[in-house]
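First comes the structure, then the notes that go with it.
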Amino acid sequence: MVHLPEKLLNGYRNFMAGRYASETSRYRTLADDGQTPETLMIACCDSRSAPETIFDAGPGELFVVRNVANLVPPYAPDGEYHATSSALEFAVQGLKVKNIVVMGHGRCGGIKSVLGPTHEPLSPGDFIGKWMSLLGPAAEAVSGNTMMTAGERQTALERISIRFSLANLRTFPCVDILEKKGRLNLYGAWFDISTGELWAMNPVTGDFERPRLD
Amino acid sequence: MVHLPEKLLNGYRNFMAGRYASETSRYRTLADDGQTPETLMIACCDSRSAPETIFDAGPGELFVVRNVANLVPPYAPDGEYHATSSALEFAVQGLKVKNIVVMGHGRCGGIKSVLGPTHEPLSPGDFIGKWMSLLGPAAEAVSGNTMMTAGERQTALERISIRFSLANLRTFPCVDILEKKGRLNLYGAWFDISTGELWAMNPVTGDFERPRLD
Amino acid sequence: MVHLPEKLLNGYRNFMAGRYASETSRYRTLADDGQTPETLMIACCDSRSAPETIFDAGPGELFVVRNVANLVPPYAPDGEYHATSSALEFAVQGLKVKNIVVMGHGRCGGIKSVLGPTHEPLSPGDFIGKWMSLLGPAAEAVSGNTMMTAGERQTALERISIRFSLANLRTFPCVDILEKKGRLNLYGAWFDISTGELWAMNPVTGDFERPRLD
Amino acid sequence: MVHLPEKLLNGYRNFMAGRYASETSRYRTLADDGQTPETLMIACCDSRSAPETIFDAGPGELFVVRNVANLVPPYAPDGEYHATSSALEFAVQGLKVKNIVVMGHGRCGGIKSVLGPTHEPLSPGDFIGKWMSLLGPAAEAVSGNTMMTAGERQTALERISIRFSLANLRTFPCVDILEKKGRLNLYGAWFDISTGELWAMNPVTGDFERPRLD
């Protein structure tokens, strides 16, 4: 009796014969000493933009939150369950990460869903509709511009959402304080699935630019 | 002027020269045709247990939610922002995934934090304390058992939490209905960082067992 | 007595010793037989985006109109002097070009001037203000979106203006007829001065995409 | 799917591998700092007389207006759209160029069209007919002189048109004032496509002379 999809088991076999075999001591050390990742990555669930793949990151390097459209809600200490804020708090206060990267990507389905036309909720709970409504005002400003193509509106909102999440990150007192002390750095990035291009946000202007790799 | 940590840029260079170079057409097709992942993976943010690494998964294969301790809260259509429920809805109703895997792992910091001794909140908002309180009753039952070692209590709660998340998944009507129709399969898995061992949950007994890989 | 700036005379010396010397017969043939360029290029006056340079074009290849912001006004047979419409008519009806390319570029000063803040006219005649007012409605739609950065608004309007000029080209009966007969092809392109990247417009979606050069 | 003529894409490849590769930092600086060309060149659209080629000019050196027969209409602040006057205003008042060069050339099709015999308009709008009528009185004087050969009449009108445009330039108050202050210099040039010869206008006599290149 097999208790996992065959494809995953095959992949796991490759992992054991490959990466784990060649990095056994690294895994053991990480298990014994605990993790000390330098970077918290806030990324999208999308199957095409895994941070470990795009940044060729090994075990122990990236502490990764993934939700639809890589959103950070604003600071709301209201006693509710907050998946993203919890991970943020754990990474910043518990693990003392040095960097937070919000990484968006092209052709994001979550972003597309708020640019209309209006859809029926995916289920009666309409969780995704509520979640993406965090971007409501920005989506409205973009979707009204019919002189931009659908693709341009999509890219524009993807990038706005990264700046939105970065701004929300700074509403968390711990992030704000540590950044001002120079002990925490915030970054924005956007990945183009088709071309593989990575665009990094210029922290001064907010523009996304191709980093010079040479 | 570099707008990303140097280490990430180096990793990205490797990605472009390696994986992207050898899978360019796959990325382009995934961009043009959209993603059709078969599996929703609910995993922990921990830097040592990236699903794509452990399952050697390529682009387009896994839709991945990552939060602290890979928890799924119970169905609560209350109009609040729900990161995890949104991703679940999107994967099941939007992308029509066939499998949902809840993957926990050893030495999970989130699990450890609820097994006491009681800590000061990491910040005044105490997001992580509230988040992990989802496991409150289970944690209480385990932490009172002083005949188990600290390590055993930790592993026990890690596995309980996977069954807890699977049970919560079934409180979502769409999951419940599709599973009963045989169109959605739920799985539990637990990864041992130190040994690299993967344990899969027996759906009948709830036990975690080593799958036979040969 | 020198009747041209020294720098231009030096450049001309290089031309005679270089390009002209190696292409003398080509120039002679072009003089004797007349020009038969295949492409009308409508480009900006900007000193950083010369079409012959960017497309490495030799003598006889490109018939080039250059005005501020590479604009084509709508068809207006009103008996006034129309520099751009005249060149268009000459190229299409006289020279029977096969292609028309509207090429914009990044950091265009003309585009920037309509995205405000409102400036004093450069001179009492305010020619540039009137000329750029061709883009008035589009500029208004873009400049109101303060969630986009100044750079993003600029790029958006640069690309909108290319689509605008292409649409205006099609208001000229001769262009419309020949395009429908398949004897004339219209293209849009956008050049990034900083990176040297050329983006070509997808004629179906209007999006600008990097052409695959491999 | 290719969205540009193949020939242009090939040329662009050469540009990237050649000029851009060897002048990358120059392009980047020009993008970051903006353009500061010293010279406004008013030239013809003709595919055989690209200013950048003839003057071996690099990026950032020439701000270039190109229309049929390199004409400057007289100053007419009438609130209409003026492509050429706009570019002139932008170059002189915005970019503060030091030089304006009107460059004509031999075998100019626009000039030829006004020397008769009378042609049918190229299209019902007859844009080119109206545009070239700027030279009407001059053309009439020349075309009536049957003692000059057709070739001599053509060259004569080409050179008259350069002086005509220079005179019109001086009807613009900003040009007139800056020239009188010694901050702006006006030049005329004429290029012989066949021989590659460049003739510069003597500002005192109006004659076109071969500059000494040694």
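Labels for the chains are A, B, C and D, by order of writing; each one numbers its residues from 1.
Just so we're on the same page, contacts are C-beta pairs under 8 Å (C-beta built on N, C-alpha and C of every residue); 3 or more make two chains touch, one makes a residue touch a chain.
Here the structure is a predicted model, which means the values were calculated and not measured.
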| item | value |
| --- | --- |
| Averaged-CA centre spacing for the pair subunit D and subunit B, given as whole angstrom | 66 |
| CA centroid of subunit A to CA centroid of subunit D, Å | 53 |
| Averaged-CA centre spacing for the pair subunit C and subunit A, given as whole angstrom | 39 |
| Chain contact graph, described as a line, ring, star, complete graph or other shape | line |
| Chains that touch, pairwise | A-B, A-C, C-D |
| Subunit D contact footprint on subunit C (complex, rising order) | 1-5, 7-9, 11-16, 18-20, 24, 27-28, 30-32, 34-35, 37-39, 45-50, 52-68, 71, 73, 75, 77, 79-91, 93-95, 99, 101, 106-107, 109-110, 122-128, 130-132, 134, 172-174, 185, 187, 189, 192-194, 196, 198, 200-203, 209, 211, 213 |
| Subunit A contact footprint on subunit C (complex, rising order) | 137-138, 141-142, 144-152, 156, 159-160, 163, 195, 205-207, 210 |
